[in-house]
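Report on the following structure.
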Amino acid sequence: MPKTGMLTTIPDFTLTPRIDQVGAEERASRFTKRSIKKEAKVNGLKLVLNMIDLTTLEGKDTEGKVKQLCYKAMHLHDALPGLPAVAAVCVYPTMVKTAKNALKGSGIKVASVATGFPSGQASRDVKIRDTRYAVDNGADEVDMVISRGKFHAGEYNYVFDEIAAVKEACGEARLKVILETSDLITFDKIRRASDIAMYAGADFIKTATGKIQPPSSMPVALIMIEAIRDFYYKTGKMVGMKPAGGISKAKVALHYLVMVKEVLGEAWMNNHWFRFGASSLANDVLMQIMKEKTGVYQCASYFSID
Amino acid sequence: MEKEIKKSSLSVSENGIEKKTTQKRLEVLKTYKIYIGGQFPRTESGRYYVASSAAGKQLANVCLSSRKDFRDAVVAARNAFGGWSNRAAFNRGQILYRMAEMLEGRKAQFIEELIQQDTSRSKAEKEVNLAIDRLIYYSGWCDKFQQVFSAVNPVATSHFNFSVPEPTGVVSIIAPQQDGLIGLVSVIAPVIAGGNTCIVLASESKPLCSVTFAEVINSSDMPAGVVNILTGKPSELASWFVNHMDVNATIYCEKDSSVQKMMQDKAALNVKRIFFYDKINWNSDEGQSPYFIMDTQEIKTTWHPIEHIAGSGGGY
Amino acid sequence: MPVTNKKNIKKSNTIKLKFDTGWSYAPAPESKSSASFNKQYDLFINGEWVNPLSHKYFDTINPANEEKLAEVAEANAADVDRAVKAARNAYEKVWKKMPAKERAKYIFRIARMIQERAREFAIIESMDGGKPIRESRDFDIPTAANHFFYYAGWADKLEYAFPNRNSNSLGVAGQIIPWNFPMLMAAWKIAPALATGNTVVLKPAETTPLTAMKLAEVIRESGLPEGVVNIVSGGGATGAAIVNHPDINKIAFTGSTEVGKLIQRAVAGTNKKVTLELGGKAANIIFEDAPIDQAVEGVINGVYFNQGHVCCAGSRLYVQESVAKELIRKLRDRIETLIVGDPLDKNTDIGAINSRQQLDTIHKYLKIGKDEGYQMYESSCSLPAKGYWCRPTIFTDVAQSARIAQEEIFGPVLAILTFRTDDEVIQKANNTPYGLSAGVWTDKGSKIFNMTKRMRAGVIWANTFNKFDPTSPFGGYKESGYGREGGLHGLLPYVNLSN
């Protein structure tokens, strides 16, 4: 048994709570009915900015591209003083060193995807080495993908053990476990995978790679957030949440904040426990903050894309 | 019940051959008892009244049921309700059919009783035949009216929603006074076809068939308590039939407006459903319809979410 | 307020969620400017606003601040008589004779006009009745419009509704509606009555007459023939005048079982056809295999929807003992996040209690619950100084015999009871004079059908709660009334059938 912070006995994952999709969607839609205006909006948007994992995960990424992204992370919009920085920059393992250097002294974390991202179709050995490579190069956080094929085949022990092994390979780095919810399809399976990840030692659970459609959604994130709450209640251990993929609008990000606030509460309302994985969200948030400040609707051309 | 009552239509004693060889045989007279919970008790009150023909001929001593008999019958009906309403509708249909079979087999007795109660032979035969056919009519409806009167409702949200009729519960019935058999059958059949149980007060002036019909019911695999038949006076019992908290609906078949008003008033006690079948010709086709069944049905609507993940078109 | 990384990290042993976050929502009041209503309303009779013969008016107030909104005419028996005469005249001379498809088009038109003015209706509904704007905007008003739209289409298709029978209109329908869903109940009453060819005299509730007055405006604008719909405001005496009027053919009432019984007595000896939609004390049953988080939402939606002023509210919660602790913890967390306050604020979840009188009733039951020794939890939220308010409240470990488990409270108060077996809970659920609605939560299909079949109630929600739709019949068993509203089955109460 790896030392994964296990605080309780491992439950039978075939018995995880059942989810009614329609009810979950109704609940999620209630969060979107909250009206966030004025001061609450500006405060919320700043919080969102501070929770962003600014991300580039392209086959065509270069060191140059990553350096530019890191610069953007540190200078979101210099025309607007007093903005918080993003939480992290998220890159492939080969770009970790570049990012680490570029962000030196900024306090911004470097997150690296690993374990055969995005499909996860690699041997355990390759996944462990992928993880070690990222960590050895200075990654503060590792975003792993689970083996969805094994999960669908009912091999929950395999999935569990793999996460535990990666967690061990992470050492001090915090582990985010990507469920790739659009591969899991049903809410019941999303809940089950959440539980497996948390009991296996995840520091965060994360919705998606952003590489497949449809992107993750509020109801999916709600299922995971409720799993986090239940895990906290059972074990006393907090686990972070990272929705990723498809969140590109400030308004949607605020809905997520509402959801965190009303399901998990105060303790999770910071970037140690909640992140947005996004590439284009930051600029929309900046535009909204600018709009609130100036009263004028903004144009994307005035905000640097990276 | 010590009085000797001779059945006018029995003519065995007039058989010449028998006369020659034997002395006149004393007839065995039938005791007309009430029917509660599958038993044939006498009324707890010990009272009786004499049923007689229009010409004043005494036909039988008949139980003058009391409110306590009614109370006992309600208990029996309530106890029977769960089992009867949960039976397969097909099985209820079979039991109603069995009642028709039993009635067919005892046709002669019913005809004779009707004749005693001043119906002509041809009319009596017609009435008994119609009663048999009516049971078969409702036997067939047992597993069909639900289909006709149900609905799947196309609600706008992602839910499956359907409405089905369910029996309202225990029904008290004051049967038509004029039509001793067809009236009785016509009010009992739709109520029990729909899964209710009932307590019926038979025609005061023509009670004979009701007790004999109870015997038919009792030999038809009908669970005890589904149909309970009392004899007696509507004038005494009508208010008790409606003034009971454990009765869900009351059917009254006469035109007496003061009784109707009394019933509507007392029905408020427990928001009882009240039906007046006071304009129905039970000897015609208007005396049978699935709408009679529906009177003692409630509509239950059930909702359940429909998962809509695959192929929903929308992202999730 | 940028947050530093390590701030607010909880020690793992303090297992309690805290919802009072640094980030809170600013007030988001709906603007009142898009809604207008008069300072005074007369009676709407024969297509016109007429002064009441009673010469009396009464105030309708905003329960959220106790301020007077308007004054409304109080119809007496003579006023009701005038309205009935107008309805009779319209029935005999116009409405009965009109081709059904033309009748339909008027009703469609009313539906459309409500949709166009939905925002205005929603704001007035929330001001007059205290319900959150989110509910009046997203539920009451759209559902009311949809109800007209649905029944409009039935008008020329009635021969398909009743196999082998002809349906005949009844005449004049007297309709008395409650204060909990003023506009929606008006739609539930008027739409099927008109579609089946009847004319209407409608009395809105004393505390919530304004949307009915706005509806009268819409009806007038729609060009509906004069007298087809008449709206007479007033209190109990006005209702009694309708019930007792000899020229009314049909009474449709939604309200308390107590008044329903009075009506049933009052119409004794008449030929008035009656439908009653009365009280309830719905059992909401949660099994251990239920989708528990959705069940929590179902409970919340079941008992706190519309401040609990819902006849079908899931006010009796039965939880299987093995999950009771978890469920109660989640419910307690959940009520902490319910926002109680200004009904016009878009973020409000629970608005104002409809009236002082109703608030007193709720307080009476809270006291009874406490006096009987049940554990009470309420939200820690603060309440506005003026107006009528009640925190969402939970009683746990309640006994079947408790008054709070037996009597309709009609407020945001939940009684939680536990159970062990299926048989036990079915018996307990049915152990009530009421039979309006019920809920069941389990992941097991065969159990759902067992439960939904055996529970004696007119509407059963399985793995959901408090759902309504124009196509879906609504109404009770037992003392919850008789007759159905909504759907195909909602037509029958407004017709006589003939061969």
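Letters A, B and C mark the chains in the order given here, with residues in each chain numbered from 1 onward.
Note that contacts are C-beta pairs under 8 Å (C-beta built on N, C-alpha and C of every residue); 3 or more make two chains touch, one makes a residue touch a chain.
Remember, it's a predicted structure, so these values are computed and weren't measured experimentally.
**Student:** Report the chain whose mean Cα position is at the greatest distance from that of chain A.
**Tutor:** So the chain farthest away from chain A turns out to be B.
**Student:** If you tally contacting C-beta pairs, which pair wins, A-B or B-C?
**Tutor:** B-C
**Student:** Please tell me the distance, in whole Å, between the geometric centres of chain A and chain C computed from their C-alpha atoms.
**Tutor:** Result: the chain centres lie 42 Å from each other.
**Student:** Using mean CA coordinates as chain centres, what's the gap between chain A and chain B in Å?
**Tutor:** Chain A and chain B have C-alpha centres separated by 70 Å.
**Student:** Please compute the C-alpha centroid of chain B, do the same for chain C, then give the distance between them in whole Å.
**Tutor:** Inter-chain centre distance comes to 39 Å.
**Student:** Quick check on chain A: which residues sit in contact with 2+ other chains?
**Tutor:** Where chain A meets two or more other chains at a single residue, that happens at 20, 22-23.
**Student:** Could you pull out the residues of chain B that touch at least 2 other chains?
**Tutor:** Those would be 157, 159, 305.
**Student:** Specify, in ascending order, the residues of chain C that touch 2 or more different other chains.
**Tutor:** In chain C, residues 463-464 touch at least two other chains, as defined above.
**Student:** Where on chain A is chain C touching in the complex?
**Tutor:** Spelled out, the residues of chain A in touch with chain C are 7, 17-20, 22-24, 26-27, 33-41, 43-44, 46-47, 50, 84, 87, 107, 226, 229, 232-233, 235-238, 257, 261-262, 264-267, 269-273.
**Student:** Help me check something: in the complex, which residues belonging to chain A touch chain B?
**Tutor:** Chain A reaches chain B through residues 20-23, 25, 185-187, 213-215, 217, 219-220, 246.
**Student:** Taking the touch rule as given, give the residues of chain C at its contact with chain B in the complex, in rising order.
**Tutor:** 146, 163, 165, 257, 260-262, 264-265, 267-269, 276, 278, 433, 448, 452-453, 456-464, 467, 469, 471-475, 477-482, 484, 487-489, 497, 499
**Student:** Provide the residue numbers of chain B that touch chain C in the complex, in ascending order.
**Tutor:** 148, 151, 153-157, 159, 161, 163, 166, 168-169, 248, 257, 260-265, 267-271, 273, 286, 291, 298-305
**Student:** In the complex formed with chain A, which residues of chain C make contact?
**Tutor:** That would be residues 1-10, 12-13, 15, 17-26, 28, 134, 138, 289-295, 297-298, 326, 329, 337, 345-347, 443, 463-464 of chain C.
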